[in-house]
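Here the structure comes first, spelled out in structure tokens, and everything after it is commentary.
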């Protein structure tokens, strides 16, 4: 109990005395996870939409696989990306291990299946409703998929946020491929892990509170947008 | 496009026969009303004609169509039209853009039809927040904007109040007057009488009668039609 | 689909551009080191001096000694800065390192609960203390992660003539994690634990733990530094890396190391070239 109170005190001091180091850590967290979620959306959304509207052999298998990949352990993703990007690995010549780019790649791998699987579900539900109407208006599959993405955009926003939340909160993958280098690849979650291992639990928890607050603010923002949009577009 | 010929058309789902061997020839001109009790197969027949469903057997032939362009010359209004999450105007423009019209062409044409259906002042409003009657008028506008030779309407006034029903029927007549062939389903005898020139009476998946409207009501040939006419409440 | 893919590539390129200035503005080397040097705060004290002097940024990835050496073996680091002499010599002998230089030593301490169930507090002989812990079957938290500290701990068990594996499942607990998490565990269950002094001094969550044994010569812990062999990994920044190695063992570098203190305690004792 006492240490929880201390943690809130530490969180408050962190926010009140927002220094450069913290700003950099928070900034990098946002930069990496937002970039990852944007790329994952650009890859995952078309995949989800394609599976939703197309009928092909192995479709059911693919859906099962995607749903399973939603539970990918971050450490495993981190390890695989590490082995790929390591100098001794196939992509070693890129020299991007222990850079933010490597962290973006790992998080993208982690959340693309989430965005693909969840958007598939939403778009497929919408497709049942829209199918005949869109075909009657002359929409081909590709047009239909685009229309469905646009028309379910507010629900999809929730998915994108879920992806962002997962990316921003994970530590296993970015720790391995980023190396938690001070000032270069240190993000909020790896800082929390570091402070925990230094035994500074209040500071670690304080950072955790800052992280959660950030995610809450983003989600609240999205909820407001969604609410306004629903009132406007029905 | 027309005439439309149906040759021994059947449609089954699993073991259930929904449409059983319907043959007919539907000519250009008169407003065709597909009439029958609920569950007779009216909507399915219309979807088969419009190409949304594939027949289990039999053929659909558009005698006047050039190779494979029949899809472009027909449109359909559903009983519960799906409104896209965008403005009324954008809903109408959607089909036009799919048909390859430019943005400015689409907008001009869309504003024209919205004017005709009385929705011009709502053009920029979101389609989904319009009332049920307004949405149905918008659906008509969206279909009509495509300039189809044939317009299918599936129970277009189900669930609407009398005033909205009146609006919709006026618009249907206007579309007919502009030269578009009307093919619609209804289970409402009054509407069939007001809008129909000829009747296709369907019962239990079979075509029982195909006759001009006057003859249908005066001298129904089949017992099913006779009892359907009797069973209906006269003032409806 | 094609448009989407193109957009995805565009964003990738853009994000790369965003990060490029951060990554490329400054020349840098990557150093694989241990949690003890990072977490004790030594690098925060040492590296800015070097960076200011040379303009070379030093990026430290802090791992266990075993992992750090593995990073060097894979070519993912330019310099390795660790503390397991035997493993380091093998690293160089296998051709992965150019030449090993001794840098400094610190010392390990044995920490344990104030209640001191094994009655070893104030002792000067570590192997003696180990025997008493085993005899009393008092809880002992080991890192169990093949790190340099873990290796040192195991060597001492061996010279005490005890196989701690026999206590596994009862008093001997392997956490399989770094020094900090292991100390957190020890603090939570009032166990004895073997730690480097630097990590201990900067560790905040001590609970009832205090130092029980220190000062035994067997507890001295030698650090070594070496350039990863450019013959094995041609991309190794051999000039910048060697410059760092040379500076750390130079008179200036050694003095900066000696100056680092937590409170009144000096943590690392430079001994390069001796």
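A, B and C are the chain letters, set down in written order, and residue numbers restart from 1 in every chain.
Just so it is clear, contacts are C-beta pairs under 8 Å (C-beta built on N, C-alpha and C of every residue); 3 or more make two chains touch, one makes a residue touch a chain.
Here the structure is a predicted model, which means the values were calculated and not measured.
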Where chain A and chain B overlap in contact partners, by chain label: none
Chain centres computed over CA atoms; the one at greatest distance from chain A is chain B
Taking every chain's C-alpha mean, which one sits closest to the mean of all protein C-alpha atoms? A
So how far apart, in whole Å, are chain A and chain B when each is placed at the average of its C-alpha atoms? 46
Could you tell me the distance, in whole angstrom, between the mean C-alpha positions of chain B and chain C? 78
Chain A to chain C, mean C-alpha position gap in Å, rounds to 32
Within the complex, which stretch of chain A touches chain B? 129-130, 132-139, 143, 147, 150-151, 153, 232-234
Per the touch rule, the chain B residues reaching chain A in their complex are 47, 50, 52, 71-72, 75-76, 78, 81-86, 94-95, 98-99, 126-129, 142, 146
Per the touch rule, the chain C residues reaching chain A in their complex are 1, 4-5, 7-8, 11-12, 15-16, 18-19, 22-23, 30, 35, 39, 43-44, 57, 59-62, 73-76, 177-181, 183-184, 187, 199, 202-206, 233, 235
Show which residues of chain A lie in contact with chain C when the two form their complex. 31, 35, 38-39, 42-43, 45-46, 50, 86-89, 92-93, 95, 97-101, 104, 142, 179-182, 184, 194, 196-201
